[in-house]
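Structures for review follow.
Each of the two complexes below includes chain A, the first together with chain B, the second together with chain C.
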Partner chain A sequence: MSALKFVLRHSPPSAVDVSGLRPAMLAGKSRKEIAQLSLTGWNEVHRVGDLFAVRGDDAQRIVIDGADERLVRIGAGLDSGELTVVGAAGDYLGESMRGGSIVVRGDAGALIGAGMRGGRIDVSGNVGAFAGSGRAGTLQGMAGGVIVVRGNAGDRAADRMRRGLLLIEGNAGDYCASRMLAGTTVVLGRVGIDAGYLMRRGTLVLGRSPHELLPTFNHNGWHDLLAIRLLLESLAVYGKRFQSFARSRPSLSRWLGDLGCDGKGEILIAPGRP
Partner chain B sequence: MNVAGEIEGVPIEDTFAEAFGMRATRLVITAETRAWARHAAVSATGFATSVIGCGCEAGIERELTARETPDGRPGVAILIFAMSSKDLQKHLERRAGQCVLTCPTTAAFNGVPKEIAHEWLQLGGALRYFGDGWQISKLIGGKRYWRIPVMDGEFVCEEKAGLVKGIGGGNFLILAADGDSARGAAERAVAAMRKVRNVILPFPGGVVRSGSKVGSKYKALIASTNDAYCPTLVGLTRSALPEGTGAVLEIVIDGLDAASIAQAMDVGIRAACHGGTDAGVVGITAGNYGGKLGPHHFHLKALFA
Partner chain C sequence: MLTRLSGARIVDPAHGTQQDVRDLYVRDGRMVDRPRDGERIDRTWDAAGTIVMAGAIDLHTHIGGGKVNIARGLLPELGRQHSLAATDVCGACTIGPAPSTLATGYRYAAMGYTACFEPAMLPVNARQAHMEMGDTPIVDKGAYAMLGNDDFLLRLLADGANRAEIRDYVAWTLHATQAIGIKVVNAGGISAFKFNQRSLDVDEAHVHYGITPRTILRELARAVHDLGVPHPLHVHSSNLGVPGNVDSTLATIDAAEGLPIHLTHLQFHSYGTEGDRKFSSAAARIAEKVNASPNVSVDVGQILFGQTVTASGDSMLQCRNSRHGRPPKWVVMDIECDAGCGVVPFRYRDRDFVNALQWAIGLELFLMIRDPWRVFLTTDHPNGGPFTSYPHLIKLLMDRSFRNGVLASINPEAAAMSALGSLEREYSLHEIAIMTRAAPARILGLEDQGHLGPGAAANIVVYEPHPDPEVMFATPRWVFKDGELVAERGEVKTVICGAIHTVKPDFDRGIERKLKGWFEQHHTQSLSSFKIDDEEVCECGRAPRLAVHACRARTA
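On to the complex of A and B.
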């Protein structure tokens, strides 16, 4: 059996919700039946067959080829199987997913992994704002699973994050880990202003020193903590950059805050240039 | 003595050790140096020779190299046995809390693979409250840990420890011509048995001199001295000691599975018999209650199978 492949025929005129293209929705259906399925767009409904050329037959391995940012909610609600996106993914990639894996060979939009509870998302390029956060109106961000971003992330990454792992190899924008509740976020590059804004608990590890931290974070000293050592070593499976960061295993500068709220979060900063 | 066979000329009685089902867990204790890991392990397994008086039985299973531990530091694996899951939870919590958490630089990890864990005990999940609200939970590699602030930094502890259905009370008795010979044979046996994994020898130095029988003339006691094997009572009681026996020592084995106990008994008895009767060993036997109390029977004739 070969992977079930959806090749985008043309860019849709507006955003289209393609969350229906996931294993649980397609299992047991023929290509003809799949082509007849509906996808909801902005005030219009598209048939799968009109938007995509459908090939292959293994619904546990789905490929969306030639994707562009108008395809939103790719893999939303995914609970098993593999989903590969070649091209750009729109907003809400992997929203509320509970299992399985999504690989994006390209960039992804805002709110990837919003409210996710399990599974793994890998994005080879950059992602937009609010990666690993929650949908608008919800009180918690991602609550499980792993997001790995090889490029840069936009503002408010890990906003209200509750549990899980958000790994960013590149830079992150402003207000990284804002309102964070728990979980772990690692940014190997730079972060923008006010990292950890209103952070209650959780761990933010920074590979490079920010230009300044909020005044509501207190310096706790330089530490080589066993738990952080274990944490960083466990990240080696996510790529060489995380592996080498763990191997260097420096004492990290530990800041505690945000004292503007609960103040039990920690920002761990590797020594070196900002 | 009804003899099943001989090892180096030492008669082995055709009898069996009667053992009981217990609940067990393995804890891996690590520290910055082997010495501190040992301090914690020795302390955590102290006063745990018999469930009758101590509530649990515990011992050091083996020392672990830095490569074998979850955090790459030297460590010690200990096993704790109790009669019920509830008892085991209580004693695990107390011993980890009073002897590991308190010991400089240590960390505590579950040592039971999830494939064989029958149920889960709270380890860090119970100790975390010592953090008084400052404790931090961290999910690392799919396992939840607790970081409890202490005066030398943080005590790191895995949230849960696996429980397995173990076996307690595997045993054999070394009948010797005198005390020196009995101790020599017992020490040889213990040295050999300590190399077997999944077992502990919970008594001091791995050896018991006060073997017991069920019941007593005193109503308050549920066990009392095994008079049939006491050399100083020969002539007063129905002694089970063959001619020429001057001292008897027992080795008790608790294990995570029957095969490990059988293996430990095998290597232990062969080591005890090393040197034969010239080394002063008169015979080997085992303790049982007629086979009616414990579901696990380890027959000494299996040595000759």
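On to the complex of A and C.
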């Protein structure tokens, strides 16, 4: 059996919700039946067969080829199986997913892994704002699972994050880990302004010193705690850059805040140039 | 174009109690008595075996004016759970407790409603309100302008202005905002909240202006009455939702001094303080007073169990309620010093003592107030529950055994404290037609709505009889609006734009001199841009016509 492959024929006129292209929805269906399924756009409904050429037959391994940013909610609600996206993924990639894995060979839009509870997302390129956060209106962001971004992330990464692991090899934008509730976020590159804004609990690890921290964070000293070492070593499985970061055995500067709310969060900063 | 609807049983309380089977005729969107001699009937709808009523009218439903938009923005997750894709006829929309404008129009029309009235339009927000209502398709719209917490009126009253001046200001507001009535929300209380008062009873003085809600209520009720505005002053009484507020409500009725007033969402104002929990039903006392006061009409504001969102101009009480918000988030704000706004999401639970008793109190009011011409069917959408639950509410009123079944399943302590189980009354179809059609049309002064006599707008709802009234009222077979088929069996067929209903009483424009100075000194915009003229309201309200209803001034 070969992976079930959807090759985008042409870019749709406006965003289309392709969350239907996931194993639970496609298992046991013939290619013909799949081509007849409908996908909702803002103001129009598309047939799968009109948008995509469908090949292969293994619904547990799905490939979306030639994707562009108008395909939104790719893998939303995924609970098992593998989904590979070649090209750019739109917003809400892996939204509310509970299991399985999504690999993007390219960039992804805003709100990847929003409200995610389990599973893993790997993006080789950059991602938009609100990675690992929650959809508008929800009180909690990502609550489980792992997101790995090889490139840069936009503003408000890990906003309202509740649990799980968000790993960013490149830079993150402004207000990283804003309103964070719990969980762990690691940014090996730079962060923008006001990291940890209104952070209540949780851990933000920064590979490089930010230019400035919020005045509502208090310095808590330099640490080489066993817990931190175990944390960093556990990251080694997520790629070479995390591996070498862990091996450098950095002594981390620990800041506590945001005292503007609960103030039980921590920002751990590796020594190094800003 | 002449259309015939044949063979239906007609329930039309505006024209008597008989329910005879006869044909209805529609010519160019209006009801006519019979065809002219030799006139050809272009189309006949066979309605044999059905029950026909005029289009229903909701006289108190929050469908525009900022609050609902804030609720939509505050709770997008509720809309997402109920989103509907676009069809050939309808645009994509979301339903749920704070439905989008499109869904509001579609669902109302599919349920047989052809006119909806927004009860809390802040004058400073009027333009936005009309635009939002303009975006609500199919149904006719109108709005009540909110007065009674605005600086200009409170100054007039504090300075002991004469009645003519107050009357002119009220009339000017109706013109400037294109409203059909005047509403007062927690008279003086929203303003007092901003002066750090956390409650204001009917005879308590506002710390800054030194006047009491009683004065505000009396003077506004008089002004509305003297101007001849058909709809009496629409009153949201003091102390909404506070245990023991029955006394304020009774005092509010007395404050009108026999002038017509309409008490809105009365359920939230009928609470006593008896029992171990200091919360009890005072529906019997209220109903007795209403039954004995022919100048009073009411709508109930029934609560129904489930998730909803409360949106009110009463920032004083919404601030107090904010700790009960589920999910725990809320907005309470001032609006341009004109009044306020509070949005608090609520999840009414049948196992909760307070919620269960609120549910019972609403039904007690429905059943204890005897005259269906003076009590209207509302849930104060979305405050007590979304309007989509009206068919369920109708079933509760029409079917005693169903009602008692629900009563047996709610919080037993609340059920034991309520007289509901002993109330035997069941509403008849005729009475339902009065409270949802004929009576709201009469009390709003809509001469051509709410009935099926010659000259009326051809708003016709064709129901298939069903032993379960909820089924019958949820999905009428056909709904005609101005003669056009807009919905069939719950599905929208044609999307049209409804008219805007207003009143324009005569007044002395000299009041603008005084207003101009006040605007220049205190307001964020000029008097001339504040006013909305007929052309603009039709354009921004997407209304094919402005229906101006007659006022008969009662003073020289």
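Operating definition for what follows: the second predicted complex is superposed on the first by the 274 of 274 C-alpha atoms of A that agree within 3 Å, B and C clash if a C-alpha of one lies under 4 Å from a C-alpha of the other, contacts with A are read in each partner's own complex, and residues count from 1 in each chain.
We adopt the following convention: contacts are C-beta pairs under 8 Å (C-beta built on N, C-alpha and C of every residue); 3 or more make two chains touch, one makes a residue touch a chain.
None of the values given here were measured: they were computed from a predicted structure.
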Report clash or fit for the pair chain B and chain C bound to chain A in the combined superposed model. fit
With the two structures laid over each other on chain A, which partner does A:T40 touch: chain B (first), chain C (second), both, or neither? second
Angular separation of chain B and chain C about chain A, which is computed from CA centres of the superposed model and rounded to the nearest 10 °: 110
Pick one for A:R55: touches chain B only (first), chain C only (second), both, or neither. neither
Looking at A:R31, would you say it contacts chain B, chain C, both, or neither? Reply first, second, both or neither. neither
According to the stated criteria, A:R117 is in contact with first (chain B), second (chain C), both, or neither; which is it? neither
A:R105 contacts which: chain B (first), chain C (second), both, neither? neither
For A:R208 in the superposed arrangement: first (chain B), second (chain C), both or neither? neither
Per residue count on chain A, the busier partner among chain B and chain C is B
Just how close are chain B and chain C at their nearest CA atoms in the overlay, in Å? 23
Going by the contact definition given at the top, which residues of chain A touch chain B in one complex and chain C in the other? none
Under the definition above, what is the set of chain A residues touching chain B in their complex? 163-165, 182-184, 201, 203, 223, 225-227, 229-231, 233-234, 264, 266
Give every residue of chain C touching chain A within the complex, in rising order. 74-78, 80, 85-86, 91-92, 327-329
Which residues, counting only chain A, touch chain C once they are in their complex? 40, 42-45, 135-139
Residue numbers of chain B touching chain A in their complex, please. 70-72, 107, 134, 136-141, 145, 147, 153-154, 156
